[in-house]
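Labels for the chains are A, B and C, by order of writing; each one numbers its residues from 1.
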Amino acid sequence: MADRIVIDPITRIEGHLRVEIEVKDGKVTDAYSAGTMVRGIETILKGRDPRDAWAFVGRVCGVCTSTHSLTSVRTVENALGISVPPNAELIRNLMANALYIQDHVVHFYQLHALDWVDVVSALKANPAEASKIAQSISAWPKSSVGYFTDIQKRFKNFVESGQLGIFANGYWGHKAYKLPPEVNLIAVAHYLEALQWQKELVKVHTVFGGKNPHPNYLVGGVPCSINIDEANAVNAERLAFVGQLFQDAKTFVDQVYIPDLLAVASFYKDWGAIGGGLTNYLAFGDFPSNGYNNPDSFKMPRGAILGRDLSHILEVKAEDPEQIQEYINNSWYEYSKGNDSGLHPWDGETKFNYTGPKPPYEHLDFSQKYSWVKTPRWKGHPMEVGPLARTLVGYASGRADYKEVVEYALKTLDVPVAALFSTLGRTAARGLETKLTCGWALEFYNQLLANIKNGDSRTQNNASWDPETWPKKAKGIGMVEAPRGALSHFIVIEDKKIANYQLVVPTTWNASPRDPKGQRSAYEESLIGTPIADPKNPMEVLRTIHSFDPCLACAVHLYDENGSTIHEMKTY
Amino acid sequence: MRNRTTPLREVHVWELPVRFYHWINALCVVTLCVTGYIIGNPPAFMKGTEAYFNYWFGTVRFIHFVTAFVFFFNFIFRLYWGFTGNEFARWYNYIPLKRCQWKEMLEVIKVDVLQLTNKKIDSIGHNSLASFIYFLTFLIFLLQCLTGFGMYAAMSKSFLPQMFAWVVPFLGGDMHVRQIHHILMWGFILFAIVHMYLVFYHDYIERRGVTSSMIGGWKFIEEDVVERHDNRTEECPKKI
Amino acid sequence: MENQRPTFYEELRGKGVSRRDFIKFCTTMAAFMGLEASGVAQIAKAFETKPRLPVIWFHFQECTCCSESFIRASHPIVADIILDKISLDYQETLMAASGAPAEAAYKAVMEKHPGEYIVMVEGSIPTENEAYCCIGGRSALQILQEAVKNCKAVVAWGNCASAGCVQAASPNPTGAKPVHKVISGKPVINVQGCPPIADVMAGVVVHLLTFDRIPQLDGMSRPKAFYSRRVHDTCYRRANFDAGLFVESFDDEGAKRGYCLYKMGCKGPVTYNSCGIIKWNDSVSYPIQSGHPCIGCAEEGFWDNGPFYQHLPGVAGFGIETTADKVGLGLGIGTAVGIAAHAVVTNVRKHKEIINEPEAGSEVETKKV
């Protein structure tokens, strides 16, 4: 008889996720993931000005803040045939870079680390030993014996206060924790440092977008103007500030994040064989170095991998109705064409149809609909999206920068390529692409400086700003690689208003319930076979779930009264 | 139909304070509408210059605010005069509490608006429909003061605007207040157009000297109408 | 138990913060709260003597931007000290525990500290169907109503909890409601904004701790310390507004010189927040400074006051870009046409009366009364 274990709420994620697993003989035999909150942002968007959409969809998620806004302006620009000035593209890239680095660091330390790091064990550490280890793996200056002694003392006082705050009721002392106390202490120190540091890099958003979270975007470019002879615009001081922030970020990533990641990983190499799950990976690619309409110039390449076959990169076309389809057979919505039909987002058509138990409830009934998350499929296949998918596509495409970091990590940890297909691989891939992103950010930054030096200060294309210039009907797609994976928006504009707006987001791909063929999506599939040492404290489940960096508010907003089909197409 | 050669009598309808009120109000409304419209849609005639040389938009707003105070106190005065002025200025003219006032309104609509018949309306002051419309404009005045000073309260800590500080939270935010204030401005503009037309229309048809009455105070009213009014045998005595 | 809790000051000292830095921190907080120098001593005293305040922080229909903003609080020690100071016993984004142990954490606070703990809420509450937001199998409404029963006060973070925010925008498909509409009998502080400015969030917490009372609130329950001024009145571009210097289109010459964004739809004149004073992310900038008009995110219903890029809101039922002015102009033209028609009809229908007028120079008897 299998045990049924419920984990709800899953914490240290964005949004509301519930996971139920069945455990038999110390292993997970079945898993269900359910999104338990819905807001209906797509319905709200109908009838509004497409130029305003970025602000609405931006509020889909405040953790990966700005990615939805970026996707939205790309979507509207795609529909209206607008291309943005090179500076605007670079500034958007820089903002996305800043988000990647900040978000991945926060994920590693604040959201994921506590699955691997036993903070209570750090109290037993020898600070001198910790200092020695820290200095052996990194040149980061905060590594003296005194420093670690202070941190330990500070933390000890905290624990002794009896009020553990956010650390209360953790899985401290769990058998699955394997780090020596000294490494735990280093991680605790860096947990606090990361918390202080993360607020710095987002200032890139504040410079260009005025605030963070939820910086401002603009259809046609970026809202900030460049004028190197003016105090009220982006000038040398602002640019130097951005440059400094990226330099500091690179230092932090190279000297803290990556060494910590590899150090922690070296103690958990067994997780290189756990939590692999799906064998299919999808990436839309991003960071255009020569215009968004030219995907070949993307720093992150676009493509799909099926069956872990790294020798074939398949072409991805989001506008192809045969490629992307969404199902609702296990989600609390209804389709007019029937429960088991799949719809391309342009024809997206949904209606709330809650059939679950009335709260409060103990269990969800998995023979029925059980989630607010829809189920997207690529050519009928369930796909994993996110850092691992991107890294695999980049690596398999033979990109030199990807090859270099991947091979470096594999060599350092002394594991085979197959270890990438795992919980550990996912967590490592996130770190590796952070390292790549730091490099790209400086490249984009230098390009921006060069442009300005050459006299190009344009940041906005106003040609199609006025709705009078718009066609009567237009359709558009915007694709972005959000920190959590492939993100796409679909818009239909009619009579200068939004007629239909659909979002297919990373966590929808990963966290969705089963499709009509009974295929599990990434979360559910990856949990199968996970060892559970203590069914009362299923921490191992969190490791794998957190390795995806769930973002549930993104996944469950999908609601749209009646998607009408329009056959007129505009440029893509 | 009464003959045009019916003897007329000059009646002193509009007292001096009422006439002053009217023209001050007219001036204020015009000023407020013009400046208000500019505040809502500032023209783009300044470019390539620096802020320290200019203050024209601030001046426009200043004029708007000063005029608003004049308008407000003028309005308060008129309300006061509604209780102390002559019978044509009294408040009961404006609020249709009597059946006959509603009847007269219907008559006016038939005669002057739809022009179904050519009967004559025998009012010395305002006819009932006109009075009622003025009553509505008074409500707009009131709303305009509430919303205007409500918004102004955020900028001034002085006593009068602070009395209106509750308006913004009550209406759910400045944006809503601003929108109401702006829409009501169009109420003034539409009223002014119709008002001026009708004044000339009545002079054209009735020749009672409506237009000049707001300057001199005198109207030319047919003898029999005045007599019926004095004997209180008119069709619709408004006095309470 | 509670009496043995270390004070904030003791904790700071334990963390190696010097007395001098501590006073500096208090001064900064006092400056934020507009206190006189004497207030500094008061803040310092509060931190030295008060035990840590238990806090339960719920997430309902939200996007976590308030949590994200909170951890951006930028004064030297606020980010981690405030976290410790308020004994954040339940906070889904940051807490270590998941599932039942997590829920146990906030239930323990409710049992151990009745009447003492603060409930902080991020997100709105769906009322159309409670199942639109469930945590641990219970609905947001059930969780909230139970938790506030014995709390000291409620802090509603951000526009979601204060006014419903984006999910409450028309047509509000989930019936999303702010905290103050679904609970009663407890003071609710609306800390507005989408999200609120990090340092405003920190400032509200410090105010609660220091003075042990709810800050003075405005008509919409927002702390006056941060929401008594319009963004417009504290905007550094205000001089351009008074001078009538406006950006006419994005990235035009005016934009490059920092003119006023009024005509680009800036909602600064109708929005109460500290953006122009405290600014964002360590006072680096704020939307207007970075060239984008304020969208009014600290105001109730700001989503339905759009479109964002025009000064006046659209008029419902008239389509994009139809303002009151367009409707007014239409009515004005309609009136003029009506008048013209009326004048023509008058000349026809009242022909007799008009020609019936006395000849010029003929005497009509007039009497003065």
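Assorted remarks:
The definition used in the following text is that a contact is a pair of C-beta atoms (placed from the backbone, for glycine too) under 8 Å apart; a residue touches a chain by one contact, two chains touch by 3 or more.
Predicted model, so just to flag it, every value in this text is computed and none were measured.
A comparison of C-alpha centroids places C closest to the centre of the full protein. Between B-C and A-C, more C-beta contact pairs join the chains of A-C.
Distance between chain centres (mean CA atoms), chain A to chain B: 62 Å. Chain centres here are Cα averages; for chain B and chain C they lie 38 Å apart. Averaged C-alpha coordinates give centres for chain A and chain C that are 28 Å from one another. If you check the complex, the residues on chain A that touch chain C are 6-16, 18, 36-41, 43-44, 48-49, 51-52, 55-56, 59-63, 65, 110-111, 114, 119, 150, 153-154, 157-158, 161-163, 165-171, 192, 195-196, 198-199, 202-203, 205-214, 216, 218, 220-227, 230-233, 241, 352, 354, 356, 358-363, 457-460, 462, 465, 467, 495-497, 542, 553, 559.
Here chain B touches chain C in the complex through residues 1, 3-5, 7-12, 37, 40-42, 44-58, 60-61, 113, 115, 118, 154-155, 165-166, 168-170, 172-179, 182-183, 185-186, 189-190, 193-194, 197, 201, 204-205, 207, 218, 220, 223, 226, going by the rule given at the top. Touching chain B in their complex are the following residues of chain C: 218-220, 229-230, 233, 239-246, 248, 253-254, 262-263, 267, 269-272, 296, 299-302, 305, 311-313, 324-325, 327-328, 331-332, 335-336, 339, 342-343, 345-346, 349-350, 352-354, 356-358, 362, 364-369.
Those residues of chain C that touch chain A in the shared complex are 1, 4-6, 11, 14-16, 52, 54, 59-69, 71-74, 79-80, 83-84, 87-89, 91-105, 126, 129-139, 142, 165-167, 169-174, 176, 194-195, 197-198, 237, 249-251, 255-258, 275, 280-282, 284-292, 295, 297, 303, 306-309, 319-321.
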